[in-house]
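First the structure, which I've put down as structure tokens, then a few questions once you've had a look.
In order of appearance the chains are A, B and C, and numbering begins at 1 in each one.
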Amino acid sequence: MIGTLQIDVSKQGLHDITAEVTGWIGKMNAEEGLCTLFIQHTSASLLVQENYDPSAKRDLESWLNRLVPEDDSLYTHTLEGPDDMPAHIKSALTATSLSIPVIKGRLALGVWQGIFLWEHRHSVTRRKILLHFS
Amino acid sequence: MIGTLQIDVSKQGLHDITAEVTGWIGKMNAEEGLCTLFIQHTSASLLVQENYDPSAKRDLESWLNRLVPEDDSLYTHTLEGPDDMPAHIKSALTATSLSIPVIKGRLALGVWQGIFLWEHRHSVTRRKILLHFS
Amino acid sequence: MIGTLQIDVSKQGLHDITAEVTGWIGKMNAEEGLCTLFIQHTSASLLVQENYDPSAKRDLESWLNRLVPEDDSLYTHTLEGPDDMPAHIKSALTATSLSIPVIKGRLALGVWQGIFLWEHRHSVTRRKILLHFS
């Protein structure tokens, strides 16, 4: 079974999509299986991370922004804006696809784990994530 | 089929779990398929890497420790100890899930490849990895 | 169904393998499913990235070469050449496996997405990628 999540993002950073994914899995009415997420973009990515303390999320964003700054004389790919090339690099360093087991009809995430769409650009846009369950 | 590996770790670094995963796959008695690993933590991760020369493993650990040091004034998430925020960052830069084909009943790893649990904290703890085979 | 791609690489950098993967999927004659790629090496990796503007590809390569230089006194694993340890680190930071949904018989890549083998060594060699479809 394949579905699509359309996520409207309004700013750079981590967007919690755990509820959207667990909601979709709930509709499968399946006992056991594997849920795979695939993001159809190269300037946004996927992450499983702590969803409890907002400071962890914030530090993660700040750290990656410092590692991959917008203002870098190395970039030659600058036509699409100063946040485009850093966005491609950040995507390359994180995940485009993720697979999570489903047990007793539920995503088998750890106690503190959430699923995030990591938007690496500043623009207001709609991102598409494909969901596969088998 | 879904199983669980419980791995006791006593220190930070790469722990070879190849034998545990191949052992579980052996019990499947299946000719062909796909084995997916998912780690239920956000301060430890998964890695496929060279399992031959210990110096490669050591350099990998040192390099990531230098890239993501414990002593960094950027961190505001410090309540859980100086190794917690670096652990989340290191997890984000490596893998939470991994999928490896099974051929003729065996994990189709390359000649030099091993599977590792990468513990990013210093604590003595038990980590849970889910295994899915289909 | 499992297949093997053998890719001859002649230099370091991103090699577009989208045509090879879509060709293999085409032969499946399947409506819907999941395609998983697994690279059997620890000094080359997989990446989904923009395949439109060559400058994005070039900047990505330059950026990672700067983050993980060959000349670094941290390395003790140097017997296999100055490009070997950086190659292991670069592989650890990118993907060893990737899963992409198949819809209406085709890989469901985003408009600008291509699949790349990222060769991290300088040598002329043949790399093996396993393809799994279910």
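The rule is short, and it goes like this: contacts are C-beta pairs under 8 Å (C-beta built on N, C-alpha and C of every residue); 3 or more make two chains touch, one makes a residue touch a chain.
These numbers were taken from a predicted model, which means no experiment stands behind them.
Counting the residue numbers that touch the partner chain, chain A and chain C have less than half of them in common.
Between chain B and chain C the CA-based rotation angle works out to 120°, given as a multiple of 5. Chain A and chain C, compared by their mean Cα positions, are separated by 20 Å. Of all residues in chain C, those touching 2 or more other chains are 67, 93, 95, 99, 134, listed in ascending order. Residue ranges on chain C touching chain B, taken from their complex, read 2, 36, 38-42, 67-68, 72, 74-77, 79, 84-85, 88-89, 91-93, 95-97, 99, 128, 130, 132, 134. The residues of chain B lying in touch with chain C in their complex are 32-34, 47-50, 53, 55-56, 58-60, 62-64, 66-67, 93-95, 98-101, 103, 108-113, 134.
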